[in-house]
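So, here's a batch of structures to check.
One chain, chain A, links the two complexes that follow: it is found with chain B in the first and with chain C in the second.
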Partner chain A sequence: MQEKSISTANLEQCLKCNLCTLVCPMLAVNEQYPGPKKAGPDGERYRIKDPEYYDYALKYCLNCKRCEVACPSGVKIGDMIQTARIKYGSQSKIRGLHGLRDWTLASTDFVGGMTASPIAPVANAVLKTGVAKAVLHGTLGVDRHRTFPAYSSEKFENWFRKEALEAQAGFEKKVSFFHGCYANYNYPQLGKDFVKVVNAAGYGVELLEREKCCGIALMSNGFAAKAAKQGRINLESIRKAAGPVLTVSSSCTHMMREEYPEVLGLPNEDVKDRIMLLSRWLYPRLESGEVKLNFRKDFHMKVAYHTSCHMQRMGWQEFTLGILRKIPGLELTVLEPYCCGISGTFGFKKENYGYSQKIGELLFSEIREAKAKAGDSAPFVVATECETCKWQIEMSTGITVMNPVSIIAQALDSE
Partner chain B sequence: MFLENSSKEYDVIIIGGGITGAATARDCALRGLKTLLVERGDLCDGASGRNHGLLHSGARYAVTDPEGARECISENRILRRIASSCIDPTGGLFITLPEDSLEYQEKFIKACRDCGIDAEAITPEEALRLEPAVNPRLIGAVKVPDASVDPFRLVDANILDAVRHGADVIKFRAVTGFLKENGDVRGIVLGGSSIRARQVVIAAGIWSAHLAELGGAHIDMMPSKGSLLIFGHRLTRMVINRCRKPGNADILVPGDVVSVLGTTSDKVPFEDCEDIRATGDEVSLLLQEGINLVPELSTTRIIRAYAGVRPLVVADKAASGRNVSRGIVLLDHELRDGIKGLITITGGKLTTCRLMAEMATDLVCEKLGLKIPCTTAEKRLPGSKVRKSGKDPVHKRAAVGRHGSEADIMDFNAKGAGEIICECEQVTRAEIEYSVKNLGVRSISDLRRHTRVGMGTCQGSFCISRVAKVLAEVLGTPDKADELVKDYLQERWKGMSPVLWGDTLREAEYMHKVHRK
Partner chain C sequence: MTYDIIVIGGGLAGCTAADVLAGAGKKVALFAEGLSLHDATEGPASPKAQARSPYSALSALSAKGVTVFRGDSIVKADLSDDGSHVVRVFSRNLGDEPLVAGAFVLATGKFFSRGIISYMGGVFEPVFDADVEFEPDHGKWFDTDFFAPQPYERFGVRTDEAGRVIKGGIIIDNLYAAGQVLAGEPLSDEGIESSGRAAAMEIMKKW
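And then the complex of A and B:
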């Protein structure tokens, strides 16, 4: 009767079963938040009628996409909420001190580009002081419990060009590397570990012609137009790169694969399948025997794996776990996939700090238990692909968090 | 006030709680008459609750019925002012497709202007910019002052105003006969009891024929069935019409949060009017035609299908039975049939309800020997008071959207009052309490007509048990919640069954799983 039996309008596919409501971590701790069903498909019907129905409480959405994982009808609830925030609740310019804060938190390239330089040690030292934290808390509204991730004195890109580029010429097969802001400005060791693992797998590494921040922080803070501009640059560079474009951060990856088209309106079908985390690329190759990695015999580590929200949404945790299980001497525990609560820049804002910590508590207590159970026979770390989960878990539990790529790199027998 | 029965004697009794009866009751009460309205079911139960919700500009009738068109544009302007809370001034667009003719469009524009209707031709590009969802094949478009009107709220507002001016209302009691003295009507019989009045006005839509018969008069009426489809959300901002001679399924109205497509037009026997429902064939026809207006209709979820009956009157003096009027029919049975005390007002349109009421009330006053001027065109209806907008708390916004300034008398401060009970339509406890108190609600179906409870995407699958619990509590019969749910689901099923495929089929399956026992 109708051309298709299933509505193309995604909000129409919602049956109002409320599975999403059950899994929403924000709703569990904050009654001001309407929850994914009300904020998503329910609210959308009313917003279509009149934008006046936009509810500013949508700002509490963590964009964790757990609602989308739970939805049996394939409704892109999280995307719908993000889109509504952009369409109806966007900041077109920086308003007030909180606006300035949001812009600063979101502008990873700008701030990172300035700070990840020889001035980094000074900046890091200043940002760590109680005075600086009190000032940031009181003026900009960056919660005093937070410490900005330390900036590196040398960007990964610079290191790569100086120290690694030449060696890559020796590889016949190549992959491209989207390193992300964290590896570039804060923790170049992660990028170095990536190069080590890929080289050990017999592949050379190339950087993209131009790489900008994926834009996730801009999008979440209401600067969608800027995010889209950066997205276009990235997609253009990815189109020019020939083979797979590998990543180390689950959030950047999810952003470029899913949110570019769904939220920012940037079509990416032609390149989407080439954008993936290193583990998604590596594990099938290890399984098929195409790639062989030699691991150290004397490696000992107890690893508790935390599935970040965006990793969960992509459903790729098994690829990482598969590799970790192949490492001799690595004892693996898989944590329940609770949200850590930080949601990128969300938890940095003082008005959200309380919610962040409440949401994360389930995860933190599980990690503490896992550590107590693990004992002292080997170093205990938490592994996760998301850098903001890392900051949150480290701040809240005091336990070291590593990207699985770094764990693999450490376990490699490089002789 | 709302009563179960009454021993008072009235100046006027109005039979029928649709828009004609409600507007007449309001007019009578505003003129100071002791007024009673009697309705056998709930308010808005008949054609008044089963139509497009279209506030005609008159454009649709300009070519074929200029007199009707003039009535429409004049009433359109009045209702926008006095019933602003019931009206969404969407504007309307008449589109011409390649299979229609631009010559007709020219004729149409001229006819509109002759009737005093603003009709502005725009280019197809401009039309697509205004309404990206309309058929891109269009070759012409005309903007007219059509609007969307919420018929439920319009009836409620008239009833509220009538009651606040002293009128009584008896719902859920059917008129079974008339009190007659010397062949003249002196009141009505409600089953075992009777109520006296100096004048009785039949305003019962298609059921007017039957009532007139009870009173000893004959009206030659023709039930004309119109079926409509409700789509899950608003696809267009404006009312979309086809610019051609009026036909099937050529109007799409954005009503509240949904889109309503209609209608068909078929003569049906009187027996069918009691349980009128849309058929599969009508659904196919509506879809086939509707996608020419807005192609996206072919992939949008249909929430339900429904049908109403137009009360067409075969013109009294016409030689042939084919000459049927959709215009206003006011019958003075004293003059026509020698029955004093009985008047019938029927025909007409939702848009002309106020005018029909004025005509009927004028006649009532004349019969009572009174000369009281009509003020209904000047006085704003309840809900349409000017209020500051924009700063309402989120949980109150949907109630304001539906009830306008009436939302300000809902008690949102009581504990739990802002809690959303029906999530699709964002109906709060405060709104439910208001409806029971002010509109005599008894069942979930009644509540639905006054609040949109259960009218949304899930048709009550998820929230209806919660609604039933709250309603049963407010009604003071907390143990009756189960019964309320059962009745309601049967009624919903009627509208879902003709459109059971795709997402609506999945919804029905889900509804069944949730509510089976």
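And then the complex of A and C:
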């Protein structure tokens, strides 16, 4: 008897039950997309026979992995679709203006490294103008409804070396921090909040020897070879770091743990268990009493938690919720885990904008309902570990979205 | 993570047991590997929930305060030294985080959902390695008449009269089986629901 699947991603385990088809957010709004079963295990059987069967409609896959969460047979449907896109789709060619756009959206390190500098205020102001948006929409095809996340005038890494590094020497126990592009280039406050929480827990923070963008945007925009190159650099640095390597973004975490080996072919078995979100590391330590955090008595906030797609796939939301529940004065509701629709850079492209907003509507209406129910006796925020969900929810509902790490940092009693 | 009761399996039996227990004020966690076929096709709950999410039964349980782990499954269990008590279990996604509860419900279904798994030499239950009732002669598993009741449909875990799972002849005193994972006549939907309810009632009597 066949003990194990001979193909990758458990192809043979598919029973054709179609539960994945039922939960696919893209299929619900776009009939050109074949759906996870046809794009994944069904299509794969044909592609193995002849790569000519590759269907370019696979570009519509959001890589949300909701098909994998729904699959009762452990078939890695989303991984299979991503792998097919890399193997059979067109790769690594910057063709025309849309190719240039995809490259620009995907190259977070290059663009962020250039922009997160003293020129940031100018760049931010220009990108916000109607003229710039119209130009980007008309030429590159970046949808005019989108605002680029503002760039910071100082990178987190620079702040850390100048302002925080010295104090870290005072801690006997250390953790490493993979800050990710968003905390580094756009919103260093998130990195500062991370340092505050970890220090309050009695641990020092170290940066990795070298950190590159995890590569998720490169991978989904067809630059897999570049993504793998960055992945190798990150894994190399993580191997050199001794203890846990903690993160604040669910998508970077999922990429490094799951997609490096499954999609990019980068083995990470030796370090995988050390790569995790801050809450995954912190919650068990709070429970065991090894770490104690003192929270303010006067903290008041109403928080609606949104489980991002990659958080849902990792299944770690209870670690975050468990910590939030310990904060006095924090009133927590958990939203039905719908996809917000943006899927990283996908929703920035003008041809995808309509799909993104249609998919997100279920979540947006949940959020509006939660806000109406919450009243205004305390500030209402949505909490999620994903930065692109944050942009999407803020743009579409006007409601503030915070990373749970920042909420914990704000609730800390720093006296 | 600590709960009053952990339900393993998010099908009709597991959801019914979790619903009854949560209704009685218990702190319940439920692990649902994948969306259940029953939830997808029959999903009760409100018409609004039905229209919005295929996870209608699981969403309704979340609203009742059950902690639902979607797409996660229990992969390992620690029993007490004498084998008569489940101390803690571990899930695929939560890794080394111990999941502790007073009582556990095993509602993982039959072959389709891999609640029991067959191979040429026999049939086993993958989470606890509980005792499974099955026909040892592989030749007698099937009736060649396709439409006749199939003997393999009766395979399942062995329990005592209170529905507690037996392993190596020893009754595990806080592990209750419900639904299709049970040995015996295949159950109708009503039968599955009532076995879920029965497990919940037994648990409330003792735990």
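Note that in this section the second predicted complex is superposed on the first by the 405 of 415 C-alpha atoms of A that agree within 3 Å, B and C clash if a C-alpha of one lies under 4 Å from a C-alpha of the other, contacts with A are read in each partner's own complex, and residues count from 1 in each chain.
Assume a contact is a pair of C-beta atoms (placed from the backbone, for glycine too) under 8 Å apart; a residue touches a chain by one contact, two chains touch by 3 or more.
Note that the structure is a prediction, hence the values are computed from the model and not measured.
*Asks:* Taking the superposition on A as described, I'd like to know which of chain B and chain C A:337 touches: first, second, both or neither.
*Replies:* Second partner only.
*Asks:* So in the superposed three-chain picture, is A:314 touching just chain B, just chain C, both, or none of them (first/second/both/neither)?
*Replies:* A:314 sits against chain C, while chain B stays out of touch.
*Asks:* Could you tell me if A:198 is touching chain B, chain C, both of them or neither one (first, second, both, neither)?
*Replies:* Touch status of A:198: no partner.
*Asks:* Does chain B (first) or chain C (second) touch A:277, or do both, or does neither?
*Replies:* Once the two structures are laid over each other on A, A:277 reaches no partner at all.
*Asks:* So in the superposed three-chain picture, is A:73 touching just chain B, just chain C, both, or none of them (first/second/both/neither)?
*Replies:* So A:73 meets both chain B and chain C here.
*Asks:* Name the contact category of A:11: first (chain B only), second (chain C only), both, or neither.
*Replies:* Once the two structures are laid over each other on A, A:11 reaches chain B alone.
*Asks:* When the two structures are overlaid on chain A, which partner does A:37 contact: first (chain B), second (chain C), both, or neither?
*Replies:* It touches chain B, and chain C stays clear.
*Asks:* If you stack the two complexes on chain A, which partner ends up touching A:142: first (chain B), second (chain C), both, or neither?
*Replies:* neither
*Asks:* State which residues of chain A lie in both footprints, the one left by chain B and the one left by chain C.
*Replies:* Looking at chain A, the two contact sets intersect at 1, 15, 17, 73.
*Asks:* In the complex formed with chain A, which residues of chain B make contact?
*Replies:* Touch residues, chain B against chain A: 232-234, 254, 256-257, 283-284, 287, 296, 298-302, 389-390, 394, 397-398, 401, 420, 423-424, 426, 456-458, 461-463, 501-503, 505-507, 510.
*Asks:* How about chain A: which of its residues touch chain C in the complex?
*Replies:* Those in contact with chain C are residues 1, 15, 17, 19, 22-23, 68-74, 273, 284, 287, 312-316, 318-319, 322, 334, 336-338, 362.
*Asks:* Where on chain A is chain B touching in the complex?
*Replies:* 1-9, 11-18, 34, 37-38, 41-42, 44-46, 48-50, 52-53, 55, 57, 73
*Asks:* Spell out the residues on chain C that touch chain A in their complex, using ranges where they run on.
*Replies:* Its residues touching chain A are 1, 33-37, 40, 52-55, 59, 62, 67, 69-72, 91-95, 97, 112-114, 119-120.
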